[in-house]
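Supplied in structure tokens, the structure appears directly below.
Chain lettering (A, B, C, D, E, F, G, H, I, J, K and L) follows the sequence in which the chains are written, and residue indices restart at 1 in each chain.
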Amino acid sequence: MSETSDIKTMKDPVYKLIEITGTSETSMEDAVERAIKRAHKTIKNLCWFQVVETRGNIEKGKVHHWQVTLKIGFAVED
Amino acid sequence: MSETSDIKTMKDPVYKLIEITGTSETSMEDAVERAIKRAHKTIKNLCWFQVVETRGNIEKGKVHHWQVTLKIGFAVED
Amino acid sequence: MSETSDIKTMKDPVYKLIEITGTSETSMEDAVERAIKRAHKTIKNLCWFQVVETRGNIEKGKVHHWQVTLKIGFAVED
Amino acid sequence: MSETSDIKTMKDPVYKLIEITGTSETSMEDAVERAIKRAHKTIKNLCWFQVVETRGNIEKGKVHHWQVTLKIGFAVED
Amino acid sequence: MSETSDIKTMKDPVYKLIEITGTSETSMEDAVERAIKRAHKTIKNLCWFQVVETRGNIEKGKVHHWQVTLKIGFAVED
Amino acid sequence: MSETSDIKTMKDPVYKLIEITGTSETSMEDAVERAIKRAHKTIKNLCWFQVVETRGNIEKGKVHHWQVTLKIGFAVED
Amino acid sequence: MSETSDIKTMKDPVYKLIEITGTSETSMEDAVERAIKRAHKTIKNLCWFQVVETRGNIEKGKVHHWQVTLKIGFAVED
Amino acid sequence: MSETSDIKTMKDPVYKLIEITGTSETSMEDAVERAIKRAHKTIKNLCWFQVVETRGNIEKGKVHHWQVTLKIGFAVED
Amino acid sequence: MSETSDIKTMKDPVYKLIEITGTSETSMEDAVERAIKRAHKTIKNLCWFQVVETRGNIEKGKVHHWQVTLKIGFAVED
Amino acid sequence: MSETSDIKTMKDPVYKLIEITGTSETSMEDAVERAIKRAHKTIKNLCWFQVVETRGNIEKGKVHHWQVTLKIGFAVED
Amino acid sequence: MSETSDIKTMKDPVYKLIEITGTSETSMEDAVERAIKRAHKTIKNLCWFQVVETRGNIEKGKVHHWQVTLKIGFAVED
Amino acid sequence: MSETSDIKTMKDPVYKLIEITGTSETSMEDAVERAIKRAHKTIKNLCWFQVVETRGNIEKGKVHHWQVTLKIGFAVED
């Protein structure tokens, strides 16, 4: 599901997908947001994401970092 | 794992599974709750769910909608 | 990827997914179109599909029927 | 594999697939039969099934219920 | 699906899953029962199982042993 | 798991795997046995099998044929 | 789904599955047809196929060959 | 991704993975934390986890328990 | 399967794979060709592709856009 | 990836894939080579392989046999 | 494939599977051997293994540790 | 498992994953090393890899090239 309001003006758009892992000490959602925020710094037109894997490392019996791997899709320009 | 307290009175119950996507601007958990809440409007005996896929769309470098697809199981009556 | 232009007016929409197999003597695309066309007869708001499986039966060394199984997502109303 | 003798009179039939879990205290086969029997009560033209998952619950070191989840395909009428 | 009547008294229980292969000269169900029976000897609170894989060895054109691999879940005490 | 008592005399044996579907009106086990029995007619040294898929066709709300697809491994001679 | 009109006269038929890759410069459907046509030269009773993988090679920014890998099932005689 | 700061002093460490399901009435993250906290009671050197499955049971149209199954890796001592 | 005629002059070549979604109002094949054509604009040495996923969006009961996601492999220069 | 220099003279070649397990006391690579060497004895035009599964048996705490299962593709003649 | 010579004296043996990651600076095979060697220290009757995942960490553009995750099966005594 | 010593100074690092195929006439390990070596030429901070697929091409009944496809993760700078 999901994407593409602003790309609609392109006919037959092409999207690229990248895979990226965000990490957070707080939550899965925060790890996702950080991955997307970082990708947004260098890539325009981010459209959608899908979660590929959720992992984390443990210190002293607690989650230290949530590590969520995403595929992010973005429209490439002609 | 998981279901069935109230159905226990049926011997050899049969369950149906449906697939549904909840969306939320807040969190994955909220997307799940919204999907279940909507299913509950028209279906009795919802018992358990499993997450099939987590996706979302992105606007301006942030998650706009979390989109979580679930299978939901419910007991069907004789 | 993909859906939802007209549902955008709903906040936090919920989608249901159904699984359906279209068949065609002509092509995979035609099998998909027939499955969607049939679903459209009884369900409003069809939004997107994904191909789950492509099969077919064979007669006299030729494809007799293309059988393409889809998941189709549609918005459910409040 | 498998289906459809009586639907053959339709050209390019369309099938719907549903997912259903049958339970039995006896055997996997019985759990499958119960799921199909229940579906047959309300749906015509059941054609084929495939086993998706086999689970069960345990009481006192024995299988209490076999729980077999199926996809069942049936022809939808024009 | 499936488990947990007697663990319900624990709030937020934790379960451990183990993987085990039962073998039988008779049937798949018997292989499952033997795996569970053996696990029950040393582990309390077995709750549910799921079939992971079904294999077997062959002698003289017949199944010699059915080999069914299960995950078995059990509640761990506080 | 599983195979090979009689091939042990070969050093570093090589096995071939074939995929075969057995059908039965009776049970899953019987469908497996029929597939193996048929393979045994033309192939020596059948060693092990693994279940790949379990399906069936339905007539009048009952399983008409169980269809179990196996991979069967057998030792090939030097 | 799919197969077997002419094999129906056999009780409890057994099927063999082979894996084959057809190639075509034209379309996916043509690659499938070529694979089936070639199998039909040496094997009777081809019944059904399922698409396992779709690949291709590229020359000068265009698809040179579509390469579609199929499993093809056929009834084996007693 | 992810583990192992303190194990670095071992050359070529070996890790064991266990599978465990945490439950929570609150959130997915809490279910994960509870599973890890429980494992930490009896196992030293927990290093990392990966989410295997997210399920839950439903009561009155709401998630009653989040059930998150993890693999947890820990270093085993020589 | 498939690639590499012109790269053969390199000893032990290295390939990079990218993931890209082509869209088309016409057919799956056209969606693939558009994805490859776009990649070819900026990347030399495209060698092969494999189809990862086929989806699409629906408008008024018809496929509006075919969306085919590919992995494309290309040789990277020393 | 990978195959087929000498088959290039055929237009639209068709390939068959077989599944085979090589074993070796030495290494995974050796198990692969032995499987291919054996297949080469009876089949011309072997083109490529892909590793499907890596297993082995253990004796006295050491790997006794590496068992690597491959799919091997070869061009079939017209 | 693979196991069990010495367990043959048990009728209908039961096996337990554990998951373990071996690491090595040398090779995949060595990582496997180290995992098995370590398991052998505390578990009798190790029978077979299967490779679940192959990963590693990188330092200065070279593999620093191969990390191979295995399932290891062993016979449990009555 | 696996990564990240030097990135530890970043709080909540973000990683990118790329997919790359290394080839070698010698061994799987060598194919992996060549892929990583090539990636290291243009990317800093390579942290970990996981094997996605192992294939190869065959010439004259021998492996000509091992082709190992990896995902490689590296830390991206703020």
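The definition used in the following text is that contacts are C-beta pairs under 8 Å (C-beta built on N, C-alpha and C of every residue); 3 or more make two chains touch, one makes a residue touch a chain.
In this text, all values refer to a predicted model and were calculated from it rather than measured experimentally.
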item	value
Set of chains whose contacts include both chain K and chain C	none
Chain whose average C-alpha position is farthest from chain I's own	E
Between chain J and its twin chain K, rotation from the CA superposition, multiple of 5 degrees	120
Winner on C-beta contact pairs when B-D is weighed against K-L	K-L
Chain centre separation in whole Å, for chain B relative to chain A (CA means)	23
Centre-of-Cα separation between chain J and chain G, whole angstrom	21
Junction residues of chain G, two or more chains touched	1-5, 15, 18-19, 21, 28, 47-48, 65, 69, 73
Chain B partner contacts - residues on chain D that touch it in the complex	18-25, 34-35, 38, 65, 69
In the complex with chain F, residue positions of chain E that touch it	21, 27-28, 53-63, 65-67, 69
Chain J-touching residues of chain K, taken from the complex the two chains share	1-3, 28-29, 32-33, 36-37, 39-41, 46-51, 72
Chain D partner contacts - residues on chain B that touch it in the complex	12-19, 71, 73, 76, 78
